[in-house]
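Note that chain A is present in both complexes that follow, paired respectively with chain B and with chain C.
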Partner chain A sequence: MEREAIVSEFYEKLDSRGVTRRDFMKLCGAVAAAAGIAHITATDVAYALEQSVIGAKEGNLYPVIWMEGASCTGCTESFAQIETPDPATVVLELISLNYSETLGAGAGWSFEEAREQTIAAGNYIFIYEGAVLEKWEGQALRVANEPGIEHVTHTAAKANAVVALGSCAVNGGWMAAYPNPAGAIGVQQCLKKHGIETPVVNVPGCPANPEWLEAVLVDVLFLQQLPDLNAEGKPSLLFTQTIHDNCQRRGHFENGEFVYQFGTREEALGYCLYPLGCRGPQTKANCGITRWNNRRSWCVESGGPCIGCTTANPANSNENWVETNTPFLKRHRDLRVGDFRLSPTTIALSVTGLLAAALVIHGFGMKITGRMNGGADFEKVRKWDKRHPDRSIGCYDLSDEECAALEAEAGVAAPAKPVGRTTAAKTGTGTATKTGTTGTTGTRTRAKTAGQDGADAAKKADEESKGGKA
Partner chain B sequence: MTRSIIDPVTRIEGHLRIEMEVTNGKVSDAWVSGGCFRGMELVVENRTPEDAVHIVQRICGVCPVSHAQAATIAAEKSYGIEIPNNARILRNILEGAQFLHSHILWFYNLAALDYVNPLNALKADVADAYALAQEAGTSINSDFGLLQARLKRFAENGQLSIFSGNWFESEEGTAYALPPELDLICTSHYIEALSMQARSSEIAGLVGGKMPHVMTCRPGGVAFVPTQQNLGDLWAMVNEVYDWVSTTMVPDTLALAPFYEDALTWGKGCGRYAAWGVFDRDDFDMHNRYLPAGVTDENLNVSDVVESKITEYMGHSWYEGEETHASPYFVTEPEFTGYYQGGTDTVNDRYTWVKAPAYDGKCMETGGLARLLVAYKRKVPFVVEHVDNFLKALGVPGKIEVAQSTLGRTAIRQIETLYVATLMKEWVAELIEAIKGGDSEYFRAPQSNTGAGTGFWEAPRGALYHSEKVENGKIKGYQIIIPSTWNLAPRDAQGIHGPLEQSLIGIPVGDVEMPINALRTVHSYDPCTACAVHVSEPATGKKFQTVTSPWGVK
Partner chain C sequence: MAHLAHYREAHPLPFVITHWINLVAMILLIISGFNIHFPFWAAFEGIARGIHMFFAFVLVLNCIVRVILSFFVKSAPTGGTRRTDTDIKSWLPQTDNRHQAGAWVKYYLFLKKDHPLSAKLGVPQKLSYLLIPPLILIMAYTGLCLWGPTMNAPPFAAGLNLVGGAMMMRIIHYFLMYVFICFMFIHVYLANVEGTAPTKLMFFRREHGGLVYDPDKHAIIGEDELDEKH
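Up next, the complex of A and B:
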């Protein structure tokens, strides 16, 4: 009994007289009902006498309160996709998740009581998901008849550490994007305003990758420390390198091989998505390494250009990922000063823009000057390619016959002629597409029909590649 | 007469408060209050429809795919694009994966804890549990003995973790009625379900890059071109999920039902149902979808959906004004005015961030029950066959009206899960056939950047509506009506309760502290409150000048 968070001597006395807790609660209810007392009185009685609803206050499991603020539950959902360890192991064998709106068995007052008792017992981690809303004195978010802000500050004050999970918790996320109708800010900003000095670990992402949370938990549970944080309070191991640094399409970037339009051959070949607005070069996260959903895939692998969802300055909710990165498909963003908006088409803006400009010089610039033609730096043809014409990288304009000839020459068994791998486009101009070779294996890659723009871009790429060869 | 309150309602998405008047052991009045305002429509204003697809997904981390789809359809209608066939199939797979994920998670990991007490499984006889599982015809994939030992270790440690503040002792310990052996079986499926919902999401992750919040659904088609490796992965994962769903979910439901039979007798909502339809066939007709669109009256007569019949009222919500606005001319200004203890101020009784939508002037229930009732009445063969079999197994053959209850609403979704799992296999086969036949088109670029369009679609929890007006590639007016907005609606202008409020009225309350039947009823709707709260701007600019909010909407 000494391990119970709240021990009621009163109950022990009742018990010694043969009265069970249940009998007593029943009596309370009966008295309240007979007297016509409002529910609050009965609840108050129960509050005062209730035994622990969280079980032992200490044990093998690290107590955790996981609160949802103005959230979409996406970070909890994301956590539920974790594989090693799986979520059941986490909540049964690693942490005591005493308060989780999504997974908790409790509800209503007893659920809130679980939070209070966890806070009273102390020595817990507080995970906060979603934004903090300030509008209408915090009434934009109401939980248990109180503004959400009260819950955040009250729970954070006694926590060992706060994990601001997801970009919304870091600085308001999409809710903080113009016009920020609910007054969204991040946890760190909120705690600073209220003078609460509990350390905050910022784990951005929309949602946060569950492996990132796990990395933080491993630090706390196994290594008994907080992770090393960078200047933005984010774990430096996770949020120092850019997406671009670890991107599987990086080779195509270096080779100047880009997708200019969805629905083109280049897209089917898995080229670099940079011209489609990919925010990989300026977005700091290790998605390409960690990957998503049991490491099955990640945004750029599937074909979606990075939209920079980990962009989140915890000190400034205006620098949220939506405001910083829209329009996602363009390399330059709109400039917004108050209600005034400017949509630049040619000029680069802000740090994001400058970085983009630098990369243009690095990528496209080198291509224009001919230094990256066909994938080789400072060489017309790579030495290795010259010696291995059958397996050379960067020949994308061979005809089927040429491919077959090379394959035969290299002793590679030519695959059966694919059926219908070239198709007239259903829209656009009906341009027929080509089958090409890619990679070192000489495997044929299925070509894709292209719309007008795509066909033009492909043609342009072909011409450039030919020109460079000559 | 006393008040019973659940706040926060847990195991849902978002923030929800339920307040009930209890008279003679039954709910006599109810107030459902959505607790969070975020303002999505205002954020996408002046951004591109392509951006909106990414941003609006963030309304909900449980059903982001549905929002992406509805936003994409709205953009495609605005641009006049019909997407390629391969894109249609892949989007069905993407949506289907999310449905499976959502339904599995909802049934086992959210709703089941209202019926299953995992701590009671400690008392189970393991041998009896195996016998019972075989008798019930449900799957045995886990070692019940090992699981029980694991639960024992958990219990001995003493910390309650996710079982903190539980209601297992509700109604003097009688509320949870399963024998310990069935609790053990269902707990094993609770844990397996966590893996299966993750596997379902993994399918969405493969096609969409990551889940939640997918990356490849975009106006014009999909930005995902499957490789042979992808197809193999898809095929294997779809089969794995199907095998688990088909051997587990319906049998578990039938095993649970006899212990909670009374829940078949209460919890009916407004008795009218709306479904916008989901999973396109190649004719792209919303009334011919795999789960077709339709609206029913009180006698379950189905009619086609007419957009102009949708209206919104906010006289009981925290928005200015008491007008009723017709689609698509919704106008709203949020203004918090305090939570009125229901009934204390009947004139200006505003108690929620959720507005009250109506179809043809009346509130509507949406969700799995609505979809299946519409599909049943539209004679979708799979649905007719399995619903009939299910009613027979429940001992009420042919009585479809029984489904309109807390347990019926909870149970029928497993049939939908089985249907979607079956369709997933068909779609993967269809995709492989299409590719084999030489179709390599996944995307069509827009030829215009101005227009207006509406995306009618379904999220796992019901009818979803996105509507937008686009000028020169920028959004000028965006509206969303989300399933739970329908289900969690407050009273309308005539004072008629919203669907969930109607469901709550009349249910037995054996314990005002822990009104478990109310919780069961709320969970039967699978509510998604964060989504439900929204704010709209006029699409047409008709009332543009009247919207002058303090944060500068213009």
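Up next, the complex of A and C:
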């Protein structure tokens, strides 16, 4: 009975804003879908909403502080562009937005006071938009006599959760792009440095899609839990599959139907934008499902290759989406070599080209030195052996008979003529100085004798080979 | 004639097969890889990705099989002999090559006139071949970091995080392709610059006469005029 009254009170509220019961259920379905929580139905969302608005025991709306860091305010703008009645507005109006530079009505001292009171009361959500600036001792973005960095740390410390909204808040975004003069980093990195353990939900995008924020808020406000987060602290259901996984042009990709140039017939046919640098295959977000601007369209649908604006590693401000993806219309990013920007293909082709040229020149060298036909003649004696006759590796002084026996044993035809053997062997002065290494010849061990003989032989051989070449 | 005789024992049939598979897989991976990078040939793109993943696994399996076989199959440890020993020994340092690394470098830089004596694989050759299995494994790892079904698995996600994301991983994978291409340039050049006999042996098992080398005495012991007798 009691509940009945509550519900009608709630619908009255909606009614006063021109939202019918039917509209409401429809948008609850949309919220559930945006939240990406498959096991939650529109009815669950409706119930949760009703409960939290007027059924909640404390009776208050969930307080939210929405603060601008180093941002272009695009994420707020994106949120504000949403038309009514729709999930975003309802969610927005179901929270108590106690502080927001852009959307809030207040200003000045009383506005800052409202923030302080909210922080003191605790149990609030902190949405931070834009990058944190570390340079100038964190003094940038100084407001109400408090340095920018302290605004972040002090507001985050007591929050139930921080939502880092937009790629800038996740890891610095384009604010952190080279050369990053202001030392932009993301919220998570900043809090980690200051030892603040408030959980961070990273919602990247430039701007972040308002429905993603809404999905997070639905989880936090109504289901009293943080969404399931992936390794990058982003809601798993929104940021684990790639754009390419859910792209409506994927069929054309598989068929090999591509747009190579804007303004062509292929573009008119809506073919895949991969050759124009589409970052869909390596960008993780569900844009193709959530879509943009009240689900009217989205980047790839409207003909723009994905530029990977959700690429943001919260642990590494260098892995921001601008550095990672520019130039947008090329398949690869450019690499920075000193002050130069080079494409990986230029680097790879240059190195490979140099190598090919070196081999061609080397080939001429081989031709000139007459090595093309079987190579140069073998050295008679290894140079090292020549220097260390007592520890010689090779036995260069075998007799013809010994050689013939070895060849027979190796299953090789007896030599027609004993060429190629060292002259040292022919002089017959040396004796073998080595023991067999492979098992098969273990029986042919000969005593190791005077190294001096070997040395003489080697020296002679060396002189002869030099003489021969000269 | 200065080269050693080329006998089949140097490259037993299983290794001729793994080498063929290697060659075919590598060429198909490079062609499909280039097309994945940028679809020069649009209609091929869909097939290219299938070919790329299929031959990626072929290449990795072939590499593993080749390495395992080297512990069981016997091959000639040096050129110019029919005597054989467990193949893995010709991948490890061999007495025939000891102290010869400098000689090889000097020979190729034309600072040394005569051909260094060596095992079947000379020092630079051995080092470059030894590099191939780890390279194939790294290639597979970087590739799986980019492959949808595996990219989110923890071992691959960790690698993506390490190198700075999928774009950097793609570039590393792409650069590694050029490492293979450069290896092949050098490999094919060196295999053929002194004559096509080694290639005929490797691919078609065609033997060729030449000097006879004894792997225990580490020296040339004669000549086998195989050609005349055939």
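Keep in mind that, in the parts below, the second predicted complex is superposed on the first by the 268 of 470 C-alpha atoms of A that agree within 3 Å, B and C clash if a C-alpha of one lies under 4 Å from a C-alpha of the other, contacts with A are read in each partner's own complex, and residues count from 1 in each chain.
Please note the rule applied: a residue touches a chain if its C-beta (ideal position, glycine included) is under 8 Å from a C-beta of that chain, and two chains touch if they have at least 3 such contacts.
All values derive from a computational prediction rather than experimental measurement.
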| item | value |
| --- | --- |
| Which superposed partner A:K135 touches (first chain B, second chain C, both, neither) | first |
| If touched residues of chain A are counted for chain B and for chain C, the larger one | B |
| Contacts of A:S297 with chain B and chain C, given as first, second, both or neither | first |
| Partner chain in contact with A:T240 - chain B first, chain C second, else both or neither | second |
| First (chain B), second (chain C), both or neither touched by A:N318 | second |
| Which superposed partner A:Q248 touches (first chain B, second chain C, both, neither) | neither |
| First (chain B), second (chain C), both or neither touched by A:R331 | second |
| Touched partner set for A:N123, first chain B, second chain C, both or neither | neither |
| Overlap of the chain B and chain C footprints on chain A, listed as residue numbers | 419-421 |
| Complex contact set, residues of chain A against chain C | 230-231, 240, 242, 244-245, 253-258, 274-275, 279, 281-282, 308, 311, 313, 315-316, 318-319, 324-325, 331-333, 335, 344, 347-348, 351-352, 355-356, 359, 362-363, 365-366, 369, 371-380, 382-384, 393-396, 398, 403-404, 406-407, 409-422, 432, 434, 436-441, 444, 465, 469 |
| In the complex with chain A, residue positions of chain B that touch it | 1-15, 17, 33, 35-39, 42-43, 46-48, 50-51, 54-55, 58-62, 64, 84, 105, 109-110, 113, 150, 154, 157-169, 172-173, 190-191, 194-195, 197-199, 201-202, 204-216, 218, 220-225, 233, 334-336, 339, 436-445, 512-514, 519, 530-531, 535, 549, 551-554 |
| Interfacial residue positions of chain C with respect to chain A in the complex | 1-3, 5, 7, 37-39, 42-46, 77, 80-83, 85, 95-96, 98-100, 103, 107-108, 110, 112-117, 146, 148, 152, 154, 157, 161, 164-168, 170-171, 174-175, 178, 181-182, 185-186, 189, 193-195, 197, 210-212, 214-226, 228-229 |
